[in-house]
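Order as written gives the chain letters A, B, C and D; numbering starts at 1 within each chain.
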Amino acid sequence: MIPSPAAVNAFFAEQFPSAHAGGYRCVETGEGFAVARWPYDPTQLRPGDLISGPTQFALADLALWFLSFTVVGLAPMAVTSDIHINFLRPAKGGDLWARAQLLRAGKVRITGQVKLWVDGAPDKPVAHVVGAYVRIA
Amino acid sequence: MIPSPAAVNAFFAEQFPSAHAGGYRCVETGEGFAVARWPYDPTQLRPGDLISGPTQFALADLALWFLSFTVVGLAPMAVTSDIHINFLRPAKGGDLWARAQLLRAGKVRITGQVKLWVDGAPDKPVAHVVGAYVRIA
Amino acid sequence: MIPSPAAVNAFFAEQFPSAHAGGYRCVETGEGFAVARWPYDPTQLRPGDLISGPTQFALADLALWFLSFTVVGLAPMAVTSDIHINFLRPAKGGDLWARAQLLRAGKVRITGQVKLWVDGAPDKPVAHVVGAYVRIA
Amino acid sequence: MIPSPAAVNAFFAEQFPSAHAGGYRCVETGEGFAVARWPYDPTQLRPGDLISGPTQFALADLALWFLSFTVVGLAPMAVTSDIHINFLRPAKGGDLWARAQLLRAGKVRITGQVKLWVDGAPDKPVAHVVGAYVRIA
């Protein structure tokens, strides 16, 4: 029922090749959660060698998308409704991880939260996200 | 006092070359507002030929950054604190525009809202953003 | 089609008497907007004689509810989905006003933004809100 | 260092008597968290006998305020900066609980998330909140 990371990534590559080419991947799926990773790329940094806000947003958005697959399967027809992101600490020096956790799967709206951290420091989140995907007919 | 779009773009190119290379630009600045644009790129679309959420987020984040320059000048030392984005309509088929408007310039926190739309349809916003930059010493 | 403030207030009194008893009122409705007011009550203030965050939230939430009536009529079956509030300035010394403006009326989700200000200072907003109501069957 | 619930409630009663009179209380404090409760009051419900959004907002806002006390002590000088609330399920039929958990204590901004639930159903959250208090000099 819950698609494997390999199945998610194959679907992702087909549906959204430009993001897939950026290295983003689903690395784990399970009941009520999904984990995604962005491989560190020194050419994509902001001033101060920081992993940029858009990169963090993109990874969180993907993690929520992957989370939606654990609820409704590999359905193309879901779009982001709204996302709220708090940047908590500078993100530096390693792969970026995002773990999305289900808050509520409604008939229309799938709401989750996402914790983001840099490789090796899961207890020092760099960003926190709450967001929702909406199923479209 | 308010930096021109040309000055903003030169600073942007120097500070954040990878985003600048993506084609994002400041196109207007003024008292309490800044306008940014992303040139349509068919290789960067989501399923359904939609301009992706991360692209919209990136443009809105930049528009808020440019807005902060109209308040404090071309200062590198400002970081995004939090951003809330509502996706309102599918974004399709043209350049993406973002107009950031100042809500409040506090000592530490600069809050603004951003309207995003696709070329030719400013009255049909595709996304609405509220966010804040924080000045760091 | 668009219910008058009197019609809105009668419906409001019937549906949500405890809030109506707190003095909150709809004062204007129109195409794509609604205005609400909370009459200054010195017994309901926070430290520093500030109008409290919950009072501001309640007024913004009501303004969005009234806004939803301008879209779907006086329908009881709408609930708040999510609200994002930025407090911009101390709110002191007078009636509180809130003007809700429609961002998008979708089939399921009605999104709007709300500006809040204190009597006499509409150009110095005390809070900014973005939120959505969801229609339930 | 971390004030007890009794100390928090005494301070709360002194600083914000109208909310204290509404029955809201701090019921637990600890390293990085605070728990608050609102005692069920059938006279304060919305249509459908629901605990209203403003009541949920007020409890979450208080839980974040109490959380800030666990970081900086019983300091009056902190104000809500921004709050994002997602309503997840109808809230019915019992006391309302809110557990605020620290996400980040910065020099200026204290960010936390809050889970809200109704008595007896902690695994079915009725709302999820992310918000920040800002220390003022």
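Operating definition for what follows: a residue touches a chain if its C-beta (ideal position, glycine included) is under 8 Å from a C-beta of that chain, and two chains touch if they have at least 3 such contacts.
Given the structure is predicted, the values throughout are model-derived calculations rather than measurements.
The interface with the greater count of contacting C-beta pairs, when B-C is set against C-D, is C-D. Centroid analysis (C-alpha atoms only) places B farthest from chain D. With each centre defined as the average position of its C-alpha atoms, the distance from chain B to chain D rounds to 34 Å.
As a whole-number value, the distance joining the C-alpha centres of chain B and chain C reads 28 Å.
Centre-to-centre spacing of chain C and chain D amounts to 22 Å, using the average Cα coordinate of each chain.
Among the residues of chain C, those touching two or more other chains are numbered 81-82, 84, 86, 132.
On the side of chain B, the complex with chain D involves touching residues 81-82, 84, 108-109, 132, 134. On the side of chain B, the complex with chain A involves touching residues 15-16, 18-19, 43-47, 50, 52-54, 57-58, 61, 76, 79-87, 90. The touching residues of chain D, counted against chain A in their complex, run 84, 86, 88-89, 103-104, 111, 113, 125, 128, 130, 132.
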